[in-house]
Every structure is written in C-alpha cells, then in structure tokens.
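This structure is in structure tokens; I'll ask about it shortly.
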C-alpha cells in the first residue's frame, strides 16, 4: 500500500467516527471536564455563590472514605442483576434468533415494547404485584418461603429484581444481534460430532456469541451501577446505591465537589472493571 | 431375511421422503439398503437430493416420511449426537473460533476420549495438515479447509461415515492419495461409507456399490462395472460416462435363458444383443455403445475388429485430451457418434478432421434401452 | 515490445508477492503475462497460492510487493469496483439476503444497467437455474450455489474473468456443458479468462496456456500439449497426469540444433531422447514416460510397437476404470511402472494379475529430467 | 423418545423464551388492566377499583398529558434517527479500522454509560447555560442530550453485530462494481440490519423513557415521563395506562404492517417474474 | 436588592404590555382543572385578562427544582418561566440570592388586603415584597385505619412493634426533623445543635431497628393506600384529597409543622406585570375558595371561607383548609438556616436517610 493510500484509508475511519466523536466531545466531554474541575474545588462554597477551584484532592479521599460501602453495594447489586439479565436475556435472545422463524422482527419489537410504557408506571405495577398484602407475598408466606411478617418491597431482592427487569432489553438486543449471525450449520456439525445440546451450547454457540455477551453485559452493568431510581422506588434506606448518594449530594445537600468527586470515582472504577473484564473475556478486539 | 443378515448393521432407508417448507420435494420415497462395511457411492446431477438424503441419515434434517434403520435399531428420530454416524459436510461447516487441531479433536473430546493428541497428530499427518494445526479455518485455502472437514469426521471412525463430496476441492494427486487412504481406513475397520461424489472415476474405483440418483429417486443400483457396462436407462447411460445412442428396430427375439438374444435393425445393419442387456419391451429402442468401444481406421486401411462394421463415416471433430483423443464421427445416416482413442502413439498423430473412416464395435458391448426415454436424459441441454 | 503489443490489454503480474499477517508468504514474486483474450489455466496443489493470486488481481487482497497491470494501466492499487475484473469465488460468497435473481443482477445494477431482466433470464437459463430464481442461496444445493456464483460473474462480461474452481461442485455432465459455455463466451467476446481448476482434463481442453504453480511460484508455463508431453520438472511431470520416472545415465550427446539427441542408458537398454526433451545437464537423469504410452502384451504374443522393448515384466495390479484399465507392472529391475490400456474390448477381458508381459514404448515420447529433483515431487506422500 | 417428548424437546428453547417474554409483560398486563380502572373514588390508590371505559374514551383528559406525549415521541424519533446514524458510523470505524486514537475513541464511547445520569444531566445543563442557552432550554436541548447518551448504546449494539461479520461478502460486492457506498447499502447494511434495528429500538426506548437528564435540560418543556413523574406525586391519572397500552399496540401494529408489506412486496416480485 | 448573588444588575424589561403571556411552574396536582361544566380558575383568569398562560406542573421537589434553575439564575439568564411556587425555606434562599424580583405593590392590592394574618410578617420576607403564598399545608402523621390503630405521637410511630417496617418518613429534611424535634420537646423554629443531634439520634435508631421502611417524596400516599405502609409522616392536603376513608391525617400530640409554597417572580421573568395580575387574581376570595375546594390545602386568603359556603359548605369547617386559631396553635415553622448550616444539616440528614 502506498503512503497516500494509507492516509486515505485512515481518513475513512476518521470521517466515520467524526460525528460521534464531535457530539460526545461537545456535549459529554466538555461537561465532564467541568465536572472534574468541580470535583477539585473547595466544598466550602455553595451552589448559589459557586465554588472555587483549589485542586483539593482531599475531596476524593473524603468521598471514598464516606461512601465506599455504597460503591460496594452498587457493584454487588449491578453485578447480580447483570448475571440474572444474562441468563434470562440469553434464553429469550436465543429463542428469537434460532426459533422464532419469520416472527423474528415481531418478537424483537415485543422485547422493547413494554418499555414504551413509562418507567414509573411499570414500577408502580410491580409494586402493586409485590405489595405486602398482594398474592405473591402471601403465596410465598403460605409456602414458608417468606417469613410471616416478611416482604419483598423495600428489600435488596426488590432492588435487584427491579434492576434486572429494567435492564433486560439492554442485554437481550446485543445478544440477539450476535446470536442471529451464527450459522446454524455449525450447530448441526457439532451435533454430528457427538456434542449433546449442553456441549453444543458451551462449545459452539456461547463462544460465537461472545461479542454479544460482552456488549450486553456492558450495556447492563454500567448503567445499572450508576442507577438510583430502582433503589429509590423499590428499596429502603438500607439498600441505597451510590447513585442515590450522588443524587442526594447534588440536590438536597448541595455539596457539588463531593458529588463530583464521587461521580468521578464511580466512572473510573467502572472503566477499570470494564477494561479488566474485556481482557478477561478475550474480546479486546471489541474495544 | 436370514438371522445372520438381521444381526448385521446394515443402513436401511425405507420410503424416505423430504419435503422442504417451501413445498419442494427433494427426496421421493427412497428405499435403499447399504450393507454394513460397504463403500457405497451416491451419484447424481446437481440438485437431485444427495445432500438432503445424507442429512436425513445424519439426523440433521427430519424426514417428512419414511424410516432409517441401522441394523434393527430405528434411528429415524434419534438425535444426531447419539447416532454412530459422522458427516463430511459439502460446505465444510468448520468451527471458525477453533483452531484446526481443536476442530479435529472436537468429536473425540465430546465422546470423553482423554488423550486425543496422538490421534489428532496422526489424522493431521494423513491429511497433510500438520503445519496448519494452530491456524484458524479462515486462514486456510479451500482445499485445506476441505481436508479439515475430512479429518474432523474421520478421526471418529464412526459406524457410518457420510462423505458429501469430500475431495472436490483437491487437486488430482491429492485426491487420489486421499481416496487410497479412505479406502484403506474403510476396509481396515470395516466401516460403512456413503460417498457422494461428482468424480465418476472416484466412484468407479472406490465403491462396491453405486447408486445413481435423479430427481429425488434412485434410477439404478449396482456394482460400478454393471452400471457402466449395462445401464438400464438412458439417464444412467448418459450420466455415467458417455454413450452413443442409435435408433434401432427390434426384428426378432431368439433363444431362451442365458442364451436369449434380441436382433435389432440399425440403419440397415442387424445387430444381436444379449437379452440380459435389453431393457425394453417395445419394438423400437435405443442401441447404446460406449465411445471407447468405437474403433476407427482411415478408410482403406485394415480394421482389426470382428463385429458391426460401418463405412462412410467422416471425422468431424478431434480433441486432444492427454491420455486420449476424442473424435466426433458423422455417420452415413447423419447422426454424430463419439469415439475415444487412447494416445498410445501407435498412430503417430491424430486422425485429421475430414478424414473418411471405417467404424466398428463388438456387438457384445451394446445394450438396448427403451425408446420412450429421452436420448438426451442426463445430458444437460445447452 | 512492439507498439501493437503495447496497445493490447494483457494482464501482467510483476514480482507479485503476498505475505499474510501471520508471516506466511503465500505468493512469491510471481511474474506472469496473460495475453488479452486468452483462456489461461492456473494449476497447482492445494494451498500453493492460486486463490491468493486471483484475489490480488481482483483487488480483494493488497499485494505485499509487485505490480499488476492491464495493458498499460497500473491497477495494483485500484479499487476492486473500478477494475474490469470479476471473480467466481471458490467459496461462492453469495449474498445471503438476496434471491438468486437479485444476486445475479447485482453487478449490472451497480453499473447502472437499466433493464437487466432479459440478461438475467438468459444467464439463468444458461446455468440451469431458472427455477431457482426466487429462492435464497441457503435453499440451494451445493452445485446450484456454485452455478449462481458463476452466473453472477459471467453476466458482467468483464475484460478479465477470474474463475476459482468454478465447476468443482458440478457433476461431470453439467461440468462439461458449462465448460463448453465458458469457452464459447470467452471466444465470442474475446475475454481474458484466468481459470483455477483441479480438473486437469478441463485445463487441457479449455486453456490456451496452462501455468503450473507450486509453493507460491510458477513451475512451468505453456500450451497444454507442451506441458503434458514435455514437462520440465518432476513436479510437473507428476502433477499433470501421471508419469513413470526411471533412473538413467547419460551416455552421450549427439547432433546439433533440431536434430540433437541425448543417449541414456536405462537399466541396460540405451534410449535416445531428443535434446528439446532433455531438461538436465547432469550425467544422471530421470527418464519419463506417460502410462498411456506404455504398451503391454502377454509374453509370447506379438507386440505391435517399434521402440524400446523390455520383457520379464509381471502384472502386479489391474484396476478397471470404465474407459480404460490401469495396470501396475513389476519390471525386472524391481521398479513398478504404470500402464493405461483403453478398454476397446479387443482383448476380450483384462490381463490377469500375475501374467508375464512384454512392455514397450516409443522413444520419441520419453523425456529426461534432472536427477537432483525428487521423483516423488507432485505426488503426495502417503 | 415419544412424539410428545420430541415436540417438547424441539420447542423447549422457544417455550422458555416465551416465558421470559411473558415475565417482561407482567407489569404491562397490570397497565392494560388499570387502563379500565375507574379511579374517581380514590385517586391515590393505584389499585383496581371498578371498571370503566372513560379512560379510553378521553385519553387526553389529563391536562398536558397528550402534549407531553407528542413531545416525547418527536424527540424519541429524532434522537433515534440521529444517534443510530452517527453511532452506526462510529461502530464501523471502530470495528473495521485500526487508526490512531482508536482506544481513546472506545473509551469515549462507554464513558457516557458509566456516568451517573444526575451528573450528566446537571453538567450538561451547566454547559448550556455557559453557552448562553439557559433561556432556550426545551425541545432542542433535550434532543441534543438524548442523542448524546443514545450514541454509546448504539455503538455497542451495532458493534456486537459487526464484529466477525464475513467481509468476503463485501469484497464480493466490490468485485461486482459496487462502490463503497453501494456496498454499504446493498450488502453491509442488510447484513448488519438486525443490529441496527436493535440499536434503534434501544435508542428509542432510552429516549422515550428518560427522566433524569431530561428533567435538567427541559426548561419548561414537559416530556411524557416528566408528566407521569409529576402526576405520580399525587396519583397517576389512569389515562397514563391507556397511553402505555396504546404505545405498545402502536409499536406492534407498526411491525406487523411492515412485515406484511415486505412479504407482499416479495411475493409481488416473484409473480412478476 | 438583597443578598450576594451578584445579579443586582440583572434587570429585565417587562414585556407584559406587548405580550399577553405568562409562564408558570408549579407542583403537580396543585390547581383545579376544567371538567365538563366546571370552569377552572386558570381558564377564568385567561378569559378575564386575555393572558395566555403556559402552566407546567414540573416542580416535584424544592432541591431538585433549584438544581434545575440555579445555573440560569446565577448567570442572569431566563429560566423560561415568569413565576414558580417554592416552599418557604427555598423561597428565602432564592430571595437571599437576589434572584427574585420585588413585587409592585400597586399591582397586587388583593394580596395586602386578603393575606391571612398568620402568614404575614414571616422573617425572610416581612412585608411580602417578594413572595405571595400559593397554598399552605401541615406536616403530621397519617395512618391507614384498616391496618392499625390510631397513631398519636412520633414516638409511637418510631417504636410501636405493629408498625415495624411499615413506616415511612419524608425526605424533606425540615418536615421529618421538625416533627422529631417536637417529639423531643425542642422547638424547630429555634433549636440548638444539641437538639438537632438528639433528633437525628432518634431517627437513626429507628432506622437501625428496621422500623422505617423508606424515606419518600410525595409517593408515600400510594403505599399508604395500598397497605404497604401502615403509618407515615405526611402532608395534610395529600391525605385529604386522596378521598380514602381509611386514611387518617392527624397532628401528633406534640404538635405539627406548617409551611407554605410561595409564588415567586425570578429576575429574568419577562412578564412581571402579568404575573402580578395572576397573584392579584388568586387573592380574590372567591377564586381562592374555588381553588381550595379542589386542592384541600390551607387557603391563604382571608374571606375565602365565606365564599366557600356557596361552593361546598362541607368544607367550611375543615381545619385542613380553614384552620382555627387553636388548630394553628399546635403548628410550628422551621428555623431559617444560612447556606453552610443548611448544607451541613442536609448532609447529616442524608447520611441517615440513605
């Protein structure tokens, strides 16, 4: 390849990525830079008069010291929810990709359609279903799966269930797209070579769907970690996630520097985990 | 059927039918017994249903009707991974995420074989893939990929091995070498091979039994020699090798039993054909003669051939083909006959186009086919 | 080069080299001129770099070094869609989301041809796919898919058509019919065809020029007849058809110019080989003789063959192959020679294994190769 | 194995998948049910009280609700279109090209997902105000924000489809005279389409359902989730359930019509031959 | 102007004379709506004045609303609104920051004439130069009588075993902490850090015991009606307007909190005169009564009670709308706090609630 061509080839990539890069640079990176400044400002200021940048790294230390349990809880809840999403999502994505025949598109839309009903309305419905004197709780109680005064709402179970439910489509769609392109002939070949359905799954389908698994887990885990609405609506004071703290620091407390510092910590942590995960999953290619 | 036969693990297809969802019937009520340990070749034109048949045997396609047995076991609805059957896929179907070695050891690993290393090494050597062991399928040439498909099935030594054009992408030399290997393995272990191929020479040299398939049905089944020398239909006559088919009128039938013969008038010459080689009841028929049985000699020079003799033919085309030359001869009655002549060098050059030649063949090699059949069956119209 | 030659649109590869990212060099500094309007065949063992070469010509793979010209135009770095080149892919590469008809009309549509219907109809008829027009590729048999690949490229009538085993999945009849079509189209429009095939007969009958490729290099290039009758290396001798290679010692060189000959001692018999058929300078060499040139006769009966004559050979193997029979002969010096004999019916059956036979061939068909070369080159070791 | 056993075996995956789908619809059944709820006795109680058609007869009765729905749908559609286009382009660049700054670009893509919404919403607002747009907050600033957070989701979704796609088909297209543009539209796009469709659906649902970021940058514009959120403070009007159900029905009708049309087109083509 | 917000020079020309428009942000469900023959007060206002009102119920929470507009207000940019309604302490904060325009008293004669005496002379705006109460309300205890017996005190709420895990409190720090200080015998209108500490201690113990299920915004009312919670800290109007006979609102024995949401005109509100017409309109007793009959909050307008006779006589004696003096005697306001103090308390409170 001549040098000229190389330059042109490279330009093609830049031209393709330019709109997204510009948009994100202006409307995301720029604001995030101001967030960084805030995170290093003196918390003695207030939202009315503003804050002065004093390069106060202490904010980070304090935020971490005060709120690390929330960070841990967020990662835990999001991790569990992602795991459940992966299982449920895989089942459905697999069914759509390989079993839905000509109803593929319809089923795909069916996956997303529930989310056209407002988030809050759905959550209200869940609360109705899981209510303390609703039939689910009462059934569980009569089966002794739940203590007599036990409940589902305002427990970690409810928060994780809420996260799982609300992020499910974010898992299903990437999974579906990469499952759908697997040649069914490969599954047949594996069957022909003595692989039972379980082996076929783990040896052929799963490795070939890894791009979707990685994509789906990212789309689920990342936003779930920063989420606070589920904990707010379905949880109790004991199930608050880091998002709730950031929210509180920003609005009611009005302590922007610590809120910003905590946000930056959260983001950094997620980025680090994602990089590690992607390395581990052997799909660096995707990043 | 005798007890001994029952105990054998023959592959038996009965009334096997496949209708695809779009309504097309690819295989039409196929009945076939493939004896255990035989090398069975399935021949037929493109799209006649060979792959579909194999896929049903492997369990990858559910039959619309009919049954599949191995010995006494009904495997019609058995799951593919529980069948003692392996397939070399026409389109390879290699696992793109696994290396060549991993592709090959896939089967043994699934059956719980612990130490596959030596087996893999051996089969990769056999298929000359040792150097490719660590590559991914996408990095291989077409022929190399095909050999991986072969190795991947072969390593399992299944009771029944289905080979769907396993050597099509290989050059002649390699193909011959692989043929010998296949044959050796098959005989050594007594496996049943069902082999789809477009290489007639391959089918001829390797198979115990050949079936010619056409439009979802078996047209004729027999040893390669039988099929070639005594085809029962114009389709088989034309599809397996080439044939000259000349119109003839039956003028009489004589003798009985093994001695029975039929006399046929062919453009003025009466030829005698053994009853076992006659496959028509009607009074008209196609007299078939293979091109390599047609002998020629420039008019006037002596022709060493006791038998039917025609003079007045003219060479209309001559093509050099390495081992032999193909001549087209325009006969006095206007038809063109084909003649192959080995380039032994005896003649010291080709017979030139336009030369008047005498033509002869030995009558015992002729066969008589039903005149209602299309003389062009099995030859693709241009 | 004359002006007239310059104006022609020959395809010229110079120093063409391809190194894959993993470091493997698949094509090694290839130099090749393929005259405009010729039917060029590229032969070679699996993995020797044929597909890679074609892909560079089509612009689908960037060469590591070297240039590609059509006439005076350097197309080395031209985009694929700007080259007057089309390809029939070895693995078909059919568009899975388009019907057969849409696949076929893809090229014309892209070039802005308005009414493609009649063209498509015609080419589908030619490739016998009319009935499949509305199907998707996944619903076709292997051979049908290959024909779509062929039709899809052919419809464009490009200046240069690259055919990568375009007929490998077709049965013999259909293959022959397609060969005739290909040849007709090529001659009619004067296109340049570069044809990769494993069917030697196909290469022989169709190509004006054949190149034999081995390990990324061209071994020999010439007309099919030249290559077959006068191979320059043991690789070509073995790869193209089959050869008997017998050790011989040069005992003298005589004459000059066209009359020059070389005398070689072969196990006690001195044979004379034309200098133009001698490809070694050393005093030892391989005397090559094609199996179909080897004539046999049961010992004692007269043998019609003026030339080299050996008695004391024994038939060690005989295989019936339809048109002809292959015999293996154990020679007095222990070597096995191969002999083909056409089944003309003249002999009234095969020569039985164990029969003592006399062997002869005409010396003008022998060739002499370098003894430093491997007599087994081009034959796959087992 | 019995016939029944075989049938179950063959359809097990589908059955399980449908179960998951059913699970996703549990709240929607409640929503559909509630759309017939007569809540006039107790507005706060989100429980079925008595049956009525009223909500369906006057879906727009709650003040401002239908206007907010219109706003949300317009923003959703626009944000989907724009983010799907530029996100898809970016996915192509990231999968198909090795260029300097690629890993930076990758980081940029998933940082927005890692940013808590509240942070993103408020810092974006600060940017708009700094740019002197404080008074113009509304439709366009919401749109800009939505496009911004949808991009990442589109990139990740399309990328998982694109990676490992057989590039030989694109090469075949180029060989058949299709330039880069035609190759994209005729071959790549149809092959990647399921991924793009999935991405678009995700983008729409993200945009349509977003509350936090929108809330910051909406000015006085009210989107549907904002309306519902506000209304929920004292009891959701039952018409919200009607809208929820209608949206779902509309989506379904849309695909089914599209499917029918494309099938009819396909059939028309065949018979035309 | 007051405060240090630095927006002193941030004056707008009033476009009211040329533009008959008015943009208002208010809490949800805080105004009556047209319904069949019933003509809402808002429609009457538009008809009478010819002013086109763009009314948006987008204030859900004081702090959150503050976060949404503080950038614009601080930068002297329009928020797109001519008026919004905020609770006392937030109103004070904004006025203090200099972000609120002074009312032209001449334009709001009804305000001075009809504002009930209990709402006059608040510390943060003694003359009501900057604010006009929209509605007032009480914070007290609510319980579901179909589930539990009467809950009379905060101590009962925080300790009774039949309420365990079935109690919610408000995230509004001033409401929850105010009631807690009252139950400790402290005065929320004038308390010390020790008082604060003791109340917080009480709260955090209750939380640790699992007595408290959640801290909520307005949505507690659903859970209360649904039976997920049995008793809670609640706002008066919400419980009354829920029209569920099982739901009871009552002042704790130790007293309850009172608050108002105030109409404010931000500095960059460009239709000040129109906004003042609005204030004056709603201080007409007849209009005020009509509004109160719908929202069930305390009506800040003198004379509305008399007008109520003709609208809905059953509401005339409802203390939640027209509290008597002795009813008002048990109410308390919350001490005003400076930025730093407020932020510190909010942080303490948030640490317990989250």
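Every chain is named by a letter (A, B, C, D and E) in the order it is written, and numbering of its residues begins at 1.
The rule is short, and it goes like this: a contact is a pair of C-beta atoms (placed from the backbone, for glycine too) under 8 Å apart; a residue touches a chain by one contact, two chains touch by 3 or more.
Here's who's who by UniProt: A = Spermidine/putrescine transport system permease protein PotB; B, C = Spermidine/putrescine import ATP-binding protein PotA; D = Inner membrane ABC transporter permease protein YdcV.
All figures in this text were calculated on a predicted structure; none of them were measured in a lab.
Enquirer: Please report the smallest number of touch steps linking chain A to chain D.
Expert: Each step joins two touching chains, and the minimum needed here is 1.
Enquirer: Using the contact definition given at the top, which chains are in touch with both chain A and chain E?
Expert: Joint contacts, listed by label: D.
Enquirer: Can you pull out the chain pair that has more C-beta pairs in contact than any other?
Expert: A-D
Enquirer: How big is the gap, in whole Å, between where the Cα atoms of chain A centre and where those of chain C centre?
Expert: Distance between chain centres, rounded to whole Å: 59 Å.
Enquirer: How far is the middle of chain C from the middle of chain D, if each middle is the mean of its Cα atoms, in Å?
Expert: 58
Enquirer: Distance between chain B and chain C based on Cα centroids, please, to the nearest Å.
Expert: About 23 Å, centre to centre.
Enquirer: Name the residues of chain C that each touch 2 or more other chains.
Expert: 91
Enquirer: Could you pull out the residues of chain D that touch at least 2 other chains?
Expert: In chain D, 46-47, 122, 126, 130, 164, 191, 229, 232 touch at least two other chains.
Enquirer: If you look at chain E, which of its residues touch at least two other chains?
Expert: 64, 67, 219, 222, 226
Enquirer: How about chain D: which of its residues touch chain A in the complex?
Expert: Residues in contact with chain A: 11, 13-14, 16-21, 23-28, 30-31, 34, 46-47, 85-87, 89-90, 92-94, 96-100, 102-103, 105-120, 122-124, 126-127, 130, 144-145, 147-148, 151, 153, 155-161, 163-165, 191, 194-195, 197-199, 201-202, 204-205, 208-209, 211-212, 224-225, 228-229, 232, 236, 240-241, 244-245, 247-248, 251-252, 254-256, 258-259.
Enquirer: For the complex, which residues does chain B have touching chain A?
Expert: 58-60, 79-81, 85-87, 89, 91, 93-97, 106-107, 110-111, 152-153, 156
Enquirer: Can you tell me which positions in chain E touch chain A when the two form their complex?
Expert: 4-5, 61, 63-64, 66-67, 70, 74, 93, 96-97, 164-166, 171, 173, 207, 212-215, 219, 222-223, 226-228, 339-340, 342-343, 346-347, 349-350, 352-354
Enquirer: Sort out for me which residues of chain B touch chain C in the complex.
Expert: Chain B reaches chain C through residues 20, 22, 43-47, 50-52, 90-91, 128, 135, 139-144, 147, 164-165, 168-175, 177, 180-181, 198-201, 204-205, 224-225, 228, 238-241, 290-293, 295, 304-305, 319-324, 340-346, 361-362, 364-365, 378-382.
Enquirer: Could you please specify the touching residues of chain A with respect to chain E in the complex?
Expert: Result: residues 44, 46-50, 70, 124, 127-128, 131-133, 149, 151, 153-154, 233, 235-238, 240, 244-245, 248-255 of chain A touch chain E.
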